Each structure stands twice: as C-alpha cells, then as structure tokens.
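Down below are the structures I want you to see.
One chain, subunit A, appears in both complexes that follow, with subunit B as partner in the first and subunit C in the second.
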Partner chain A sequence: MQVAAVPANKPKNKSAPTFKGKRGLRLMGLNFTTDGVVKGFFGGNAYLAILALLFICVFLLKSGLGFIPGYRVELGEARISGVELTNKVRYELTGYKALLARVNQAFIAEKRNRFGDEESTIYLYEEFEALVDDEFEDAMETYLSINDSPEKEAACARLCKDIADACNNIPEKKLLQALTRRLPELRKVSTNAKDQAIALAQDYALNDAETPHAVAEISAQISKEMGNFNTAVQAIKSAGKPLIQLESELTKHTAESDRILKLNRQTSGSITALEQGLKKAKQRDEPPVIIAAIEKRLKKSRGSFIEIDTEARIKAVYQAIENHDLIVDTLLIKISKAFNSLPAELENELTNVTIEQAHKLNSEFAIIVAKQKENISAWRHDKSITTGNTLAAFFFGSEWQTGSPWQDIYGLMPLFTGSLLVASVSLLFAVPLAIGAALYVNQFAHKREAALVKPGIEFIQAIPSVVLGLFGVLVLAGFLKDWSHSPLLSWIPGFPITERLNVLLAALLLAFMAAPTIFTLAEDALNNVPKAFTEASLAMGATKLQTAINVILPASMPGIIAAIMLGFGRVVGETMVVLMVAGNKAKIPEFSEGIGIVGQPVHTMTSIIAQEYGEVTEGSLHWQALFMVGLVLFTISLVINSTCQRVLNSKNR
Partner chain B sequence: MHDMSKKITALSKTTKNREASTVIEVDDIGFSYDLGKTETLKGISMEIPKNQVTALIGPSGCGKSTLLRCLNRMNDLIDTAKITRGAIRILGQDIHAAEVDAIELRKQVGMVFQKYNPFPKSIYDNVAYGLRIQGVKKKSILDEAVERSLRNAALWDEAKDRLKDSALGLSGGQQQRLCIARTIAVRPKVILMDEPCSALDPIATAKVEELMLELRKEFTIVIVTHSMQQASRISDRTAFFYLGELVEYASTSHIFTSPSVKQTEDYISGRFG
Partner chain C sequence: MKRITATTAIVIAFALNISATTTTRAADSKIDIKGSDTLGAKLVPQLKNAYVKDNPSVKIDILAQGSSHAFSNLDAGTADIGMSSRKVKQQELDKFEAKGKALVEHVAAWDMIAVIVNEMNPVRKLSLKQIEGIFTGTITNWAEVGGPDATISVYTRNTSSGTYKSFSKLAMSKNDYGINCQKLEGNQPIVTEVAKNANGIGYVGYAYAEGNHFKTVKVEGVSAKVSKIAKYPLARKLYYYTVGEPSGHAAQFLEWATTSDSASQIVSEIGFIPTTVAQESMGKLTK
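Let's look at the complex of A and B:
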C-alpha cells in the first residue's frame, strides 16, 4: 500500500505565525496605521482643550497682573498731586450730602402731609391763572367795561361759570401731570383743592388780573407753620458751605497737577517708544529721511513735557487742609444743634421714619469725620505707594468708580460682596428646593411620577438666562415690589422693598437657575447610596421617611455638599440675569439694615465685566482692572471646583 | 478552626431535641415577581418552631431567599411582587392582613443580610439606630441596649473602646456581627439571616455560627445558606427547596443522614446544584 508522500519542506508562511503587525501608510519616516490615526485624533482633541485652558490662564494672568503696577503708578500720582487727600474730603462731603438730602426729604414729607392740599391749590391756581390769561382776556375786558349793576351781576355769573367750566374741562390726567412736576408723589388731584383753585382763578379774573390775597396767605401760612423745621433744614444746609468750599478749593489745587502728571506720563511713554524706534532704525540702516522724521518727533515729544513744581502746589493743599478739623467740628456742632431744634415727635409716620434715618446718617457722618480726620492728619504726599498698598486698595477698596472726570477708583469690595450676597441668598432658596425635590424624587415618588418630575426640573436648565432675566426685569420685578407693599406680607423680614431691582429678585431667579444643577447632582448622590443601607434600615422597621433622613441623607452628604458648592459656583459665575436684575449699583450694601439688605441693589463681579468691557480701550488700566476681576472670578471657581473634588474623593476613602 | 467546629457541634447537640412551639406558619404560600405571570414560590407550607435554627437550603433560584423575604415583607419594596395564594402567620397573625403594618412587622422580624451593611455611622449609632427610630432618646436606655446587644453579638470586648469610631473601620466578620447586634438591639421575635456568612472568611464564619447557636436561646432564627456543612452544623431543622417547591422539610439529622426524597440526597451529596 502506497502512502501519499508528505512534502518535506512545506512553505512556512502558510501556517506558522509571523507576529508581524500591519504596516500602515509611511509618511515622512512615520508609520500611519488606522488605529494610530484615530488614537492621535482623540488625543489631539484632549490636548487641544488643555492647551486652550492654558492659553486662557496665561492671558488672564498677564493682562490681569499688569494691573497692579499700573494702578500703583496711578495711586502714586494721586498721592503726589493731593487727589488722594481731596478724595478723603469728598468722602466726608458725600456723607454730609446724604444727610442733607434725607433731612430735606423729611421736610418735604412733613410739608406734604400737613399742607398737601394747600400746595396743590396754589399750583393748580397757577395753572388756571395761565388759562384765564390765555382764554378770557376779552371776556374780562368786556366784563370790566360794563357798569350797569344787574347786567354786571349776570356777566359776573357768566364769566365765573365759563371759567369754572374751562377749568373743569381740563382732563384730570393733564392736571395731574402739571402737578406732579412740583409734587412728585401726588397720585390724585383733590377735588377740594381744585374747587378752591377755581375760586381763586375766578377771583383773579374778576379783580382785573390781580393775584388774590388768599394765595399769598396760604404760602405765608405754610412757611410760618413749617418755620422751625425750615430753619433747621436751612441751618444744616448753610453749615455745610465751608466744607463744600474746602472741597472745591482742594479740587482746584490738585486736579491740575494730576492732569499734568498724567500727561507727562503719556509723553514719557511715547518718548521711550520713539527712542527704541530710533535705535532700531539706526541698526537697520533705514534711510536718513525716516531717521530724521523720528528724531523730529522725539524732539517734539521732549518739548511737550510740562514743568511742574509739585512741591509748591502741594504746599497750597496743606495750607487749605489746615482748616479741615475746625470746619468739620463746627459742622458737626451746627448739625446737632439743628437736629435738637427739630420737633421731637410728629404726626406723620413717614416724617418720623425719615428723621430717624437722618439721625442714623448723622451718626454715620460723625464716624466718617472722625476717621477721615485721623486719615487726613496722618496723610503725607511724599510717602511712596507700595505694591502691598496697591493690592489692598484693589482687594479691600470700597469703591468702584470708572469713567469719571475725576480719579478712577478700582475697589473690588462692592462687587465681591455683591456677588457673594446674591449667591448666598439664592442658595438659601435653591438648596431646600433642590435637595427636597431630589429626596422626594429619589425616595418617595412613584416611578411614573419621577419620570415626569425629574425631566421637568432638569428642563429648567434649558431656559436661556437672558430670557429668564427678561422675565425678571419686566414681570417679576414689578410683582415683587407690589407684593412687598401688600399688608398681608408685611410680616416677612425685609419687606417692603423700595428698589425695583434688588438682591432678592436676582437671588430668586438665580435660585431657579441653580436648582436643576443642585437637584441633578444631589439626586445622583442619593442614588449612589448603596441599596443595602436602605434595606438594612427598612428591615429594622424604619419608615421610608426615617430611612431617608437618618440613613440616606447622611450617607450621601459629601455628594450633596459638592452639589451645593457646584450650584454656588454656577450662581457666582452667572452673568446675564444678574446684569439685568441686580440693580448694578457699585456700592457695598448696607449690612446695618439686617435682613433688609436683600432689598438693596448691588453690582457683581460678572456683571461689571459684561457692562464695562465695551467702553475700555485695549491695554488701559480699566481694561486690566476688568481682567483682574476676571482673574478673581476664575480663582473662586477653581477653588470651589477643587474643593468639590476633594469632598467627593474623601467619600471614597 | 477545628476546635471551633467541635465546639459548635457540641453546642448544637445540647439543644437539638428540644420540644418547641410554632412561631411561623407558612400555609400554601405562592409568590410571583411579575404580578402573577410566573410563580417563584409554588405553594409552600411549613412550620418553623420557636427558639430553633431553621435552615433553608437549595440551589440558586430555588426560592429560599424569596421565602425568607416574604417573612418580613421585604418583597413589598418590589412594585411587581405579589402573593398569589396562601398565607403566612407569625405568632398566629396573618402578616398580609390589611391591618398589619409592614413597619411594625419588621420590628418583630429582624433581618441580617448576605453582605454586611452597617450604616456609615459610629458603632454606637449603628446599634442604637433601631431604638432611636422607635423614638427612644434616653441615653441610659440606649447605652444599656448597645452594651447588651454587643455582648450578645460577642462584639463587646472588641468594640467597647471604639464605640464612637466609624463602623466601617471594623473587619468584615466584625461588621457582620455588628449587623447582628443592630438587629437584636430592638429585641425581635424572629431573626432572618440571608446567607450571613457567604462574604466572610472561615474564622469569621465560625464566630458568627457560634453566635447563632447562642442566639437561638432567645430568638427564633431562620437562615438561608448555600453551605451544606453550615446547615448541618448549626440548624435544628432543614428545608430543601427546588424550583420554587419545598422538596423536603425535616430535622437536620434526618435530612443529612437519611433523606426521604431522592432529589434531597442528590443535592446533599453534591450530585447537582
């Protein structure tokens, strides 16, 4: 039997593995396989994101940190020129003016309360008088020319009736408009005042266009009755004159040197630039025409330096400020004297409240004065400004004032407190709402109910913030203000609210925006609690509510805290809504008002950037200041995010 | 280890032939996870005696855990679960009767789970949990209950100096004994154990087994186990389940030495399952 011969040398490549990889496309010495290219594409995307982040960080740091030396120079100029000192006096003046305005308000409130009708009568009469002059000139003449007694009587009656008709024909709205120019808070024309005014107008017409005695009498009565109050107001007003004078004197002395210093800084900047340009041009052997042109401009620039003797100028400032202590002390004494002469307790509630506020402003003013007196006596124009001073001026500065003809001030505090206040208040609303909803959906809701509620809440996130802001500013703002004045809600602390746009409004809308974020993350955290805990608790005879509160909530706490913090980050970073509804008043809110603080308008770090970026020139100090604010925002977000990570990781430990 | 199992066997023998009254009465119970379409338990009837350890054994999916979870109505948590027929009476009370509150039932019928699951709280708070949710606030009562329960669970000596530490810092066996302590702190009548030792090493297992034999003096214990040796070591009575039916239910010695049904014998001798 023949056996088929097996070929001795079977070709190896048919069966034995070679372990060779696929060869891809070779380009420029690199081997491109499909896997490699796809991997490279994904990796490239990841690194692109990191690169973009790095780029933004570097840019923020570069632009923002340039602010510090720049601001230091400006602060230095403000000190040498005395602007800084003037600011201190201005600060006092602001306090005084606020006080004066409040006293004036109290005076007007009292006057309105006591003589509202009488004042209306006078102003209405003035309107009617003009009407009579315009329309009844001929009728008046005709009437005056009649001598026959019975006929005259009839003509008199006719004229009076015509005038009354004409006056009554003026639409109520028009009258109110005319009146509210003088009496802004008037809501209705009193019929009594109107009748009286008509009688006066008739009197005026019948007596050959002579202002009736009664008008003068009413005015005299008002000023007599208000006499004491009026004297006090006038006393406070005139007492402030020396301070106002001091301020304008200081402004006069310091503004000019400040202006010159700034100009010279610009000039020296351009000189440096031109010098560098010249050097380069010479190195590059540019044609002599160009070099000559540069030299000419350099010469011109050098010539435009303005000689300034700051020492001589500052002497005048020191001289003027010498009287400061005396001026403010006298002012304080005069004010308290005027306050003492005010009637103690008045009938009108509004007057009393306003006087109370004025008293408070007065004590605040006294504190300001005491502080500024100290500051002013310690002030020296030749102490140099350190970087530390500059940083403190930025981070703890209580004023943000830009685009003013006077010195620009960049103080973060009003914006920082504004942001923090809005964010914290909004969390007060958002946290119970979101956590409660998460707990309900996760623990108690039926599956079908959860399938309805969960997407519903998450859908809130789909509302564009500008739409929410629009709703807030056009609808909710009005409602909130009206509600806050409703007597039914007056028990709520902080109500009623006087400002239309305020912290509370912004906080409510932001809470609405942050709630889905917190809800989703908190719900995840609750979901991540092992089922075993729930089972163990239920098997012990705990109810679902007991289980949720005693076991599930504590077990998911790290996740919930992280959710709240991320919600906080979201709120702090939110721009559009805050810009639209927070009121944008760059002033540290009055913490002394307690919970009423939520009724105040504030400005925030995000909205100041959105609001002012359009008006800055590239590279200017203002430009850098905005980047600095951006840097602070970025740092806050960074800290919040990394803390969240840490909190979440600690759970896994 | 060897000593331990000897000790356990000795312990179990001392009480093996005690006469006992019935605590749990399962009467032709049928149960379905999908609203009655298919039955997971197909008419099971058995009586579980007081102060004994009753083991439920059988291959995976035979319904032993399901039955256990019926006893304290843990299956109520599943929306589509349904009792299709029969009744369960504990201490004479039908536990599915309308007036029975599952919360109150579970206070009397405690449960220990397969995977030890102490709460992420301190040891003390874990043991005190059951009493606290029942509204006990007085510290002296709680202190006493915690100590007694930990002593009962043979954990007192190991834990007494670290009562305020997190329970998650204990070893696996200690955590399971803590769960037992937590369960007995509320003094239930019955303790259900769902494979309590399957996540533990042999030494921890031995300790928990020893504990069970101690505990049966005070409690009625029903245990689901996959380990035949464990069932033979600790239980007084054994029930063998297969495909949702109770194949054989008798005293442990009877089941393991001379089972009456062939299927039981095959399972015990390891021929299937």
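Let's look at the complex of A and C:
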C-alpha cells in the first residue's frame, strides 16, 4: 500500500460527492436547502480560521508598526538633547567600574589572606551584633530608660555579662562556619578576636544600637597596612573621579533638555486631540458652553509649551565633552601606573587570579575607550535619525531597558538570542530522543509495545505547561544545580552551574514538550515510506537495522526535517515554562563562555511580553514595542511553517 | 415580533438599571473600592469581610487592578475609595485640581521592603550605597560587601510591579536596574530563589520577610522589624484616597479600617504594619 506523504496532496481527480440537493428556499440569491446550509456552515468554519488569521495579522501590524516612527522620534530627542552622547560616556564608566570592582575584589582577597585574624574580629562582631539584636532588644530598652546612675551602672554590668555569656555560648563550630565562608584558610577561632568582638558588641548594646566606630577603624587600619596594594587601589579609585564628574555633568545638562522635549511632545499630542475634539463638537452643534470649555483647555495647552533652545543647551554639552579625550587618556595612564605598582606575584592564588582578570578588564576598557573616543568625536547632535537607524536600533540593539527613569531602550537582541538559544539547546535534547523513539516504535517495536509507547509519548503533550514550569522551579532546578556540583559530573562542559534558573533547565523542560510533536510527525513520515522500499532492501539481504537507518530514514528525511522545524516552532512560541524557569535576565548571553553558556539565565521574546504587558498604557511606545516583539515571533512561526510546507512539497514533486 | 419586544424590554431594563445605579450611587449603602493590588489582593477584602459581618446593610465592592486605576476611577466617579501603593502623581493630582475637586489622602497601612539573602550567607547588614551598587550592577561579588568570594545573583520584581519602582526610588537613588538582574513574577518566586541560592539577593514586601532558608539583612544598621519602622529606610506608606472628605458609609468604613483595633489586627495578620503602630514608633523616635 502506498500512502502519499501529505494528505493534502491526495489526487483530486475522482469526483467527490458534493452537496447537491433539491431546490429549497431562495433568499437574496442564496439557496437555503438543508444541504446548502450544512455546506455553508462547514465552509464558514474553514474561512473563519483564515479570517481570524488575517485579523490577527492586521491587528499586529497596526499596533506594532507605529513603533518605528514613535521610537524614531524618541531616539531623535535623545540625540538632540545629548542623552545619546551621555550614554556613550556611561558605557565607558561601566567598563571602568567593572575594572575597579575587580581590583577591589583582588584587594579584599589579599587582605583576608594576610590579615585573617583582624578581619575575623569584624566578622565575629557582626555575628554578635545580630545576636544582640535578636535577644537583647528589650533588655537594651530597659537599660536605656534607667536614669538613676548607681542603678544604671549595675544594669550596665548585668547587660554586659549577659551579652558576653550569650556570645560565649554560641558553639565554636557555628562561629567557625560563619568565618570560613569568608576566610577559607581559617582553622580555629582566635580567642583574642573573640574577646575583642564581644567588647564591641557590648559597646553596641550600651550605645543604643549604634555600630561602634572601632569597627570601621579596624578595617581602616588593615587597609593601611596593606601598603602598596592599598595605594594602588586608592589611585585607581581617585583616577576615575573626573570621568564620574563628566558623566554627572552631562547627565545634568541632557536630562533636563530631554524632559522638556518629552513634555512638549505630550503637549502637542493633547493639542491635536483637543483640536479634533473642537472640530467635532462644532460639527455636532454642541452648546456654546462646551465649545468654550474646549477652547479654554486648548488655549491652556498651547500656553504650556516650554520654550527650549536646544542649540544653546547643546553647547554646554559640547563644551563638557571637549575634555573627554584628555580625561580618559589620563585615566588610562593612571590605571596602568597603578597596575605596575601592584606586587607582581602574590602568595594567594585567588588574589593572583583576580588580578589577572583585572588586567584583562583593563585591556578591554582600553578598547572601549578607544572606540568611544572615535564615536564621541564623530557624534553630531543635528544629524537626523533615519528609519534605518531606528530599525537597526530595535533589531540589533543589545539592551532592553523599560520603565527606566533615564531612557527606555528597546533592543531586541537579548530577547532574540535568548529565545533562539533556549530553543536550539532544547532541540539538541528533543531531536535524538524523539526521532529515536519514532524509529523504534515504527520499525522495531512489537505491535502491543507500540500501542503502549506511542500514546504514552503523545500524552506528554497533554501536560499543561504551567505544571511543567512549576515542576521545573520547585524540583528540577534544585536537582540540576546539585548534580552539576557533584564531582562525578564535573567532566561535563559547563558544569558546575551557579544559577538555579538557566538555559539548560528551560531547554530540558521544553525538550520534554517538543518531543511529542516531533515524535508524532516523524513517526507519520516514517509510516509514509513506501513498503516496497523496505521489501526491496530486505530482499537484497540487508538486516532490519540496516534497512531502517540506510533506507527508511533517508527516504523520510523531508518529513523528519519538517517535524524538527515544527518542534522548533513549538519551543520558540512557548511562554509559561520559559517565563518561570529561564531566569529572565535581559542580557545577551556570553557566547565566549562556550558550552558554559547553558548555565546562564536568559530572557526570551515570549516572556517579555507576558511580563510587561500588564502595566503598559495602551498605545504607548512600550506597548507598541511589545507588539513589535510579537510581530517578530509571528514572523518566525510563519517562516517555519511555510518552509515546512515547502520541504514536504519538494519531496512530492 | 414578540421576540423583538422582549429584547427591547431587556435592553431598556438594562439601561434603566445602569442609569439607576449611576444616579443613586452616593445615596445607597454600597462602597466601591478600586485600585492597587498590593492592598486589594488580601488586606482590603479581609477588612471588608470583618466590616460587613458587623454592618450587614453595607455592600462593599473591591476591584484591584493597580494603583493608577484608583485615580482614574475616582476621577470618573466610579469609585468611592481608591487604593494606592504609592503617593498620587502630580499629573494625576492636576486632573482633580482642574475640576476643582480635592483629593484627600488617608494612610491605610505601612509596608517595609525587606532585603533578603540566603541563610548560608554570612552578610548581615548592607548600607543603602551597597544595595544600590548591587542592584545597579556595579557590585558583583559578595566579597565586596563583606561576604564570601562568590558572584551575586540578583533577583528583582519586573517592570510592571509597584514595588519595583518603589525600591528603585527608596534604595537606588532612582537609578536603572543593572543588566544582570533576573526579573521574577512576584514576591514568592523571589523568596523561593533566594532560599535556594546561596548567593542570591532579592527584596520582598514585609509580609514575605519571614520564612525558612533565608534571612533579612539590616539596611543602614536597621533591621526590618515593626518596632524599627520609623528608622527603616525602605519603609513605605500605602494609601486610601477619596474625593473630598469622605461621608456616609465610606467615611465610617475608612474610620474603622484605619483606627480600630480589630482592623489593626487584620492588618498585622496580613503582614502590613498598622498606622497606629507605625505612629507609635515614630512618636518614640521624636521623643
């Protein structure tokens, strides 16, 4: 028996029985027989689907496309006001701060290594302070309310003794545990440090829960004794000040211009609305009172325009940025000088590693600065933003920042890469699983076995995605993280995973959801391979396995590819699971980490819509941006589906 | 024909019904409360249940869709009381002032945003500057704030949440959240993640601040305790708003909900801090 690959392509030459009945009621040119009505009903249903699809297309386009001109206006304002320029300086500042943080981390690692005892005093004190907070709140209050001096002295002694007792009662092991998290080398809690910490805790309790200055002094003393290292860190810290100052100066100048431009745009929006309303009111012959009221509001709106001379305002910005090159060059020189003064090789491994990382960040920072220097000198506030720029800013923008007090940025890239990454990784799991299962069920399984396995796999599809998500968050996430830390599995690239919610977790759950889709379609495709192929292969002496792999699999390839693609479409469009388990970090995953990338949290196109539609105002730019994301998703699905059709058809030709 | 008359009758009945409810809204014993879901999800419905038990003649309708709905509904006259987890914005206030109406503010309760970390984390206190650094992404390692050498996992609410904005205002000097934040759906998911991730940090409403495997940290040396609310830097007020001084049933309900002991008890049970308690704490501070 030969079955065509796709039922839709069955030959249509045989005359199918059509609805043909006796003449019934004719009304407005339509024939109302029973058959006619039934036929109309079915046809109507079919066309309703097409109509709904068209409607959704039009709706998406209508709501989403307004985004491009709207975003263009906002980007234009960001340019004219200088916000765009400020962002470039901010970008540099981020690089600098990352560098500073890393140097600081190295400093702390070294400090802990060299002055573990002194550091442990501070950490012990923190433990004791928490204890005092928890257990002596009332006692402290009673003590503070006593005014009489001899009585107060007695109370003071009592409180001090109680605190000391309570502190000494904490098991040594527990204290050591709290310390070794920060000082891994520590083997024993020093009595000296403990006594000092207890004294500090008593001081804390007697002085109305004010952390004693002595604590900060210990810390300052340690830093001082770090010598060269301390001077280097301080040098890097103070070297950044001019850049920070430049950024705040630019922010001050540009934020105000941007705010006024935005307000004026709002005002002009309400003026247009009022003008339209006035026209309509006049057409309707509304009473003069109402028209007068509208005119009054219109006048008020017209009066609320704020005069702004962007040209004059931007001058201050250009003036401030003039020093930029000098500032960053000095900064770079100062940083490299400070780096040179750092001790070359230290005892502590962690310090060395961190300094190494800081060196790397430093060279990255130098690259950023060189690039931004070019960008900044080429930047002109009066260069207009084209639609092309806007499209590029949306499709290739590397940041999605909404509800921001500074500037809302809609860049698709973090979401797009996130969606794609999750979907591809999930297919890595789902495809071998589903195709293997399909091949087995179709070729090797006993009939009864197939009758058990096939519905079983297909039943997975019936699990609501929110249930899978819940399972992922509450059960699988923990397991996966724990497993990844087990030494037995450390050979797997990317392990151990530090984040609980990540790409791998989402991909595993999605693979579970995509597998039934791929399985069913692949199984159908295998089924559709003409029996003659199998028979011929077996007749030539091939084994059943050889036949399955060398004959049947290639013959059904187009169907299997289509199955995989539809599985991909299913995964890209899935919302609930990724929203719950993918971690929702709107940052382009760091591909430099290789396979370790699967341990990172990502945000996806579907979950951003689900997460943000709740509070957006209808018609606002943010609202339109979400529709644009929806449009991209829709296009992806459309392309996948039409490619599937094409792949399948190409085989039949 | 018969059918048409029936339909018309129904339509007319509906129309009459609607106009009847709109014209007599102030006079009858129904109170419409609309706005914030922080207040409207649990607190106000429970207050309503308690209140209606004692005053069976009063009918209270609650609709919680977000704070901004409080003001639009008050403006349109479709609510008697508005609930809001933030102060009214100038733009919103302008609308009332332009119509010559006064908007009156009543403090419903206090809330504290607690900063939480995993119980394994030895860090016990953070300054506002450190919190700002962590959430804006300039501090990325626990060692920088006195913790172990480990990368910080930052969990926040998402942009549509009022707490997201309140926290940005109270703790981050209105700066943008960093790019490394993982945005979760609500208080409970944040609690779950922080409780299960030794390097996690997040913030939740006071109602969620107690639980297993995580702890709150002191902010600027002040712990998130009811007794410390006057000094706690991340405390915020939750409000009821009315147009003009309230009258009739709405006034009675507000009076009961903000001052009575039984209402205070419900407020504390839900995990907010009653105004009376907060004021007591404030009084102590000034003394």
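The criterion applied here is as follows: the second predicted complex is superposed on the first by the 475 of 653 C-alpha atoms of A that agree within 3 Å, B and C clash if a C-alpha of one lies under 4 Å from a C-alpha of the other, contacts with A are read in each partner's own complex, and residues count from 1 in each chain.
We adopt the following convention: contacts are C-beta pairs under 8 Å (C-beta built on N, C-alpha and C of every residue); 3 or more make two chains touch, one makes a residue touch a chain.
Fair warning: this is a prediction, and the values are worked out from it, not measured in the lab.
S.K.: Which partner chains sit in contact with A:F533 here, subunit B, subunit C, both or neither? Use first/second/both/neither.
M.R.: first
S.K.: Output check: A:Q546 vs subunit B and subunit C. Expected answer is one of first, second, both, neither. What do you get?
M.R.: In the superposition, A:Q546 contacts subunit B only.
S.K.: Looking at A:C167, would you say it contacts subunit B, subunit C, both, or neither? Reply first, second, both or neither.
M.R.: neither
S.K.: Just checking: does A:E499 make contact with subunit B only, subunit C only, both, or neither of them? Give me first, second, both or neither.
M.R.: second
S.K.: Could you let me know whether more residues of subunit A are touched by subunit B or by subunit C?
M.R.: C
S.K.: Quick check on the complex: what are the subunit C residues that touch subunit A?
M.R.: Touching subunit A from subunit C are residues 66, 120-122, 124-125, 138-141, 143-144, 146-149, 151, 153, 158-161, 164-165, 168, 174-176, 179-185, 189, 192-193, 196-197, 199, 218, 221, 223, 227.
S.K.: Flag every residue of subunit B that touches subunit A in the complex, lowest number first.
M.R.: 72, 74, 77, 79, 103-108, 110-111, 113, 115, 117-121, 129-130, 132-134, 179, 182-183, 186
S.K.: Tell me, which parts of subunit A touch subunit B in their complex?
M.R.: Counting only subunit A, the residues touching subunit B are 447, 530, 532-533, 535-543, 546, 550-551, 554-555.
S.K.: State the interface residues of subunit A toward subunit C in the complex, per the touch definition above.
M.R.: Going through subunit A, the ones touching subunit C are 97-98, 101, 104-105, 108-109, 112, 122-123, 126-127, 129-130, 133, 137, 178-179, 181-182, 209-211, 350, 399, 401-406, 473-474, 477-478, 498-501, 579-580, 583-587, 601, 603, 611-616.
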